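First the structure, in the form of structure tokens, and then the observations on it.
Note that the chains take the letters A, B, C, D, E and F in the order they are written out, and that residue 1 is the start of every chain.
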Amino acid sequence: MRMLVVAPHADDEVLGVGGTIAKYIDKGYEVYVCVVTSGHPSMFPEDLLKKLRSEALNAHKFLGIKDTFFLDFPAVMLNEIPVHEVNIKVLDVINEVQPDIVFIPHYGDMHLDHYIVSQTAMVGLRPIREHKVLEIYSYETLSETEWNIPHTSNAFLPNTWIDISDYLDRKLEAMSIYSTQVKEFPHPRSLEAIKALAKLRGSTIGVSAAEAFSLIRRIVL
Amino acid sequence: MRMLVVAPHADDEVLGVGGTIAKYIDKGYEVYVCVVTSGHPSMFPEDLLKKLRSEALNAHKFLGIKDTFFLDFPAVMLNEIPVHEVNIKVLDVINEVQPDIVFIPHYGDMHLDHYIVSQTAMVGLRPIREHKVLEIYSYETLSETEWNIPHTSNAFLPNTWIDISDYLDRKLEAMSIYSTQVKEFPHPRSLEAIKALAKLRGSTIGVSAAEAFSLIRRIVL
Amino acid sequence: MRMLVVAPHADDEVLGVGGTIAKYIDKGYEVYVCVVTSGHPSMFPEDLLKKLRSEALNAHKFLGIKDTFFLDFPAVMLNEIPVHEVNIKVLDVINEVQPDIVFIPHYGDMHLDHYIVSQTAMVGLRPIREHKVLEIYSYETLSETEWNIPHTSNAFLPNTWIDISDYLDRKLEAMSIYSTQVKEFPHPRSLEAIKALAKLRGSTIGVSAAEAFSLIRRIVL
Amino acid sequence: MRMLVVAPHADDEVLGVGGTIAKYIDKGYEVYVCVVTSGHPSMFPEDLLKKLRSEALNAHKFLGIKDTFFLDFPAVMLNEIPVHEVNIKVLDVINEVQPDIVFIPHYGDMHLDHYIVSQTAMVGLRPIREHKVLEIYSYETLSETEWNIPHTSNAFLPNTWIDISDYLDRKLEAMSIYSTQVKEFPHPRSLEAIKALAKLRGSTIGVSAAEAFSLIRRIVL
Amino acid sequence: MRMLVVAPHADDEVLGVGGTIAKYIDKGYEVYVCVVTSGHPSMFPEDLLKKLRSEALNAHKFLGIKDTFFLDFPAVMLNEIPVHEVNIKVLDVINEVQPDIVFIPHYGDMHLDHYIVSQTAMVGLRPIREHKVLEIYSYETLSETEWNIPHTSNAFLPNTWIDISDYLDRKLEAMSIYSTQVKEFPHPRSLEAIKALAKLRGSTIGVSAAEAFSLIRRIVL
Amino acid sequence: MRMLVVAPHADDEVLGVGGTIAKYIDKGYEVYVCVVTSGHPSMFPEDLLKKLRSEALNAHKFLGIKDTFFLDFPAVMLNEIPVHEVNIKVLDVINEVQPDIVFIPHYGDMHLDHYIVSQTAMVGLRPIREHKVLEIYSYETLSETEWNIPHTSNAFLPNTWIDISDYLDRKLEAMSIYSTQVKEFPHPRSLEAIKALAKLRGSTIGVSAAEAFSLIRRIVL
């Protein structure tokens, strides 16, 4: 089985899917990550960008990611790029990976980049090709999903819980490799907040840690 | 794998899940049906009730259902029965079947019985027991799901499509065994309407016939 | 009575409203179509664009459309055009046609162009002018409306059904004139899928074929 | 044309539809009202009930109502009556009136009686009979619609505005006949609040007074 | 200031509002609790009911609750009680307490009792009395709020976060007094799950623990 | 206490929050207004723009606004400005004012500028800074909030009512200073429509005039 995680920014894939990535790699899946944006030099010091890139590669190596695609669109400025250019690059990755399972960010996250990446992924995932993607899920991202205007129109409503009791530690370690991104608790992008969310999601299904997702489309052939 | 379909009234299980039942039995699943109500003698002639019961049994035999549970609560009067009595009987069935996959009616269907059955099933399916149900779906029921007030609060939003291209014929045959329930097109509970829905659902995922469901809870252990 | 159908791309007007167009022309309505985009030469071969244009004109002639407005904004790139430019051109058409009834695409369709056209039409249709538009509806478009993320925020919830039993054949014939756009079943933009949807919508109101719409604003003077 | 207004309690028909009733009677429609509950003697003094009944009859006479059906189910206790009993009585009225247009309360109103009446009316209005009801709307009721928990699940979202500029006075007069029900402003069931709502709804479509409705089902044959 | 917490079952008030109760009592508020149901002897052993009652009283004493009202309606059977009887008893409590702030359960919780209590409280809280309740909130209840069908119609969407960093310990201690109700982690009604939720809610606003609520109605005079 | 009202266009702050501004200034609050756009010279005559600017200043002086920030982004063309540029300028204002309470437009308003301003304000208001904003509300804007497609995805659902009985006159006078913007009734941006809305909102909580808001985030420290 081949699995693809689409991340607007490096670290979203760990925040949202880190435990599941570790678990499914253990099961023998080939897991790929597509990082859509990187900081634009005009807004972020180049050193930081290099450091972030190397953190991503290290975290992915640690988790056992098969390959990472960096599309290098400019973060926070994604909506200034023509949509079809983003669409094409994301589609290229999908075509190359030919995934069975795809994880995309929640369209209702606060960050406009998350919305655009969600939308662009859905265009690439239209069920019109020979190769059929069997499962598409959206994931939650601490510090994005919970800060939007509270309204049903953007609500993240999980319907799938994946037990990561045996993989929470690896998720936390992968996250701590992102030393430029991880913050001190009580910031939501901290190890302690990540752990709290994992426990809470776990308790919903009676296991000690879980990641929760919202199924977008499953096809049973 | 063990699968349970909870039907408010005999024939809902075929309308909503008939093709999938046939497909999964072919795959080797044990499939059970729980029919929650039967017509109350005060409202329906006894002959009709007997006929309906025998149609259900024949349809289930035709499909290869392992066992059918008739709870015999009164149709159209389900809301007059104390909720905990319904809860207990439905829970008994769940405990006996120990299903891996459960299909329940859409809570937003127009018929009050569907709402109550959905609610009562969810109580029985709380993830607090040793045995974990891995997947719970709601299904759509022609002549119920589409006749409610059009509002997001009751909208049926499918996220799972099961290819029944090879099983549509068996679904239609099972439905025609329900001779007291099947109507002439253009009634929605007619073979032609069922076929139209199957084709439409199929076209969404690029196959010639499908049944569509809304995932309520999936647990990946 | 004057009726205007706003289509993001040529063929959406037939997919969504084809039967109703035929029916209302029979009733004596003057029906106009506004096609907002056309393929951009940078993305589509010019031959194809010419062919598509002539298909549109032929389909409209076949249906008896009074006049077609081609705004020629670039398809798939509509969000790169300043919104007020699109607004002004759409408003010009509305002002020229002075319609009593308007059909616009569903804002929640997957294609960004559909969302933009819906929004821009609503700006032009603000009830602030002397001439009052009496009815505004959104229509569903196979291969767009059903492929978006399943969420109440984009759900198409029809509340108006127009019987097209006597006009389904003309809708299908109009669609088959769009030979560059029509696909083989089980693609949703195929004649067989269109027929299945028409039957399903018909069965909801007890007729053999219907088109379903969601009323946006009706004014009874 | 025949029009039926279903009111949970006497005065709801005037609060929600009073101006439209007057307007459509002027247009030549036959308008009927079905009042589902009356106060139960155990909860309200009999004098009051008699007075309320006579107010209803006088208000209806003033408006030109063709006939009023009093079902006399107990107010505030409607949920203790078996649903099918309410269903049958409401269906009887529908069958007798054979209406073309029906107005029902908003299912999301705060008062449980409104919810039940909405639901029971929808059962009676399933499009399965020879006689087809062409339009079903829900209306808003001051002091019910705005007091529920603010949530999209019960939101009243109007899509139809009927100009009652020439009929607001008659609506207000009809309401003042209900002397036991009308309150002093700033109570929402006061003449001044009714006027404010009518002006607000009117301003949305550019007329000086309107009533707003949410279309539930329209069939165009 | 006077505050009232309405709890369907003893322990809901601590699960949902325990930290805030402690905090506001520290601020000098008078806090009252209304426990709507108690287990019915037919379903629960009498010993257990006595024990639960004494736990409630102890927990309330520990927190500094001014007074507790036990309405003693039967748990799990609340929907069999005539609604107006529940309404009256809840209203009596509101009238006696004359609260400024009220906390009620989330109407969308899975347990039918929660829905009924929410609804009945809203009837009693209609803003028609001399005494005006200034703030009404709904609270979340672990093991109820997260187990319902995932749908926007019942989604709990918090918009108010109360910092309980200094009161989490007291909340946990109050909960552990409910020894018959508290479970072992990973059950959601365990101390560890309560702590995880408090941390998560805290992280959203940058404090180490919080309780989250959804504002239903605030009046600023 | 310091309060900030973010207005997409000059006059939105009065339409939505005018009475509350007057009331809170009376209470001793310092109130600031941030007007995000001004008409672009290419679309509006310069005279008009000057006049509108001076009306804004006069209205604000009349109300007692402490300071007004004009960001001078181009109206109706806001979506053509890079989002991060708008974000930065709005954030600068927030940082300068350090508000306790913020009012922003409803994200679901029809005008794209309102949506963008809502979104950009939420980015600036992420709870990650030392200074914590205690309350964020969205306000309704006549002629914007009610003209969008009626759908739960954009519904304005108020949960906070502020009594402006003693301040409605000042709101109306402030609005009439905007002589270029105020229209004749029945236009929704007329004094009579504003009064009708204020009365209606007042009647909901039993006072003679109110403004209604939807709480987005409240933090109680």
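Methods note: contacts are C-beta pairs under 8 Å (C-beta built on N, C-alpha and C of every residue); 3 or more make two chains touch, one makes a residue touch a chain.
Being a predicted model, the structure only gives us computed values, none of them experimental.
Peer 1: Measuring between Cα centroids, what's the chain most distant from subunit A?
Peer 2: With centres defined by C-alpha atoms, farthest from subunit A sits D.
Peer 1: Equivalent interface to C-F, which of E-F, A-B or A-C, with over half of contact pairs matching by residue number?
Peer 2: Comparing each option in E-F, A-B or A-C with C-F, the repeat is A-C.
Peer 1: Between subunit E and subunit A, is it the same set of residue numbers doing the touching on each side, over half shared, or a different set?
Peer 2: Same: when the shared numbers are divided by all numbers used, the fraction is over half.
Peer 1: Work out the mean Cα position per chain and let me know which chain is farthest from subunit C.
Peer 2: Computed centres place E farthest from subunit C.
Peer 1: As a quick test, compute the distance in whole Å between the mean CA positions of subunit D and subunit E.
Peer 2: Distance between chain centres, rounded to whole Å: 36 Å.
Peer 1: Would you kindly tell me how far, in whole Å, the mean C-alpha position of subunit F lies from that of subunit B?
Peer 2: 50
Peer 1: Using the touch rule from the top of the page, what residues of subunit F touch 2 or more other chains?
Peer 2: Each of 127-128, 147, 150-153, 159, 187, 204, 206-207, 216-217 in subunit F touches at least two other chains.
Peer 1: Using the touch definition from the top, list the residues of subunit A that touch subunit F in their complex.
Peer 2: Spelled out, the residues of subunit A in touch with subunit F are 43, 76-77, 79-80, 110, 112, 147-153, 187.
Peer 1: Taking the touch rule as given, give the residues of subunit A at its contact with subunit C in the complex, in rising order.
Peer 2: Of all residues in subunit A, those touching subunit C are 82-84, 107-108, 118-119, 122-123, 126-128, 138, 152-154, 216-217.
Peer 1: Would you tell me which residues of subunit F are touching subunit D in their complex?
Peer 2: Listed in rising order, the residues of subunit F that touch subunit D are 142, 146-147, 150-152, 155, 157-159, 185-188, 190, 192-193, 195-197, 199-200, 202-204, 206-208, 214.
Peer 1: Under the touch definition given earlier, write down the residues of subunit E that touch subunit F in their complex.
Peer 2: Per the touch definition, subunit E meets subunit F at residues 127-128, 132, 152, 159-163, 204-207, 215-221.
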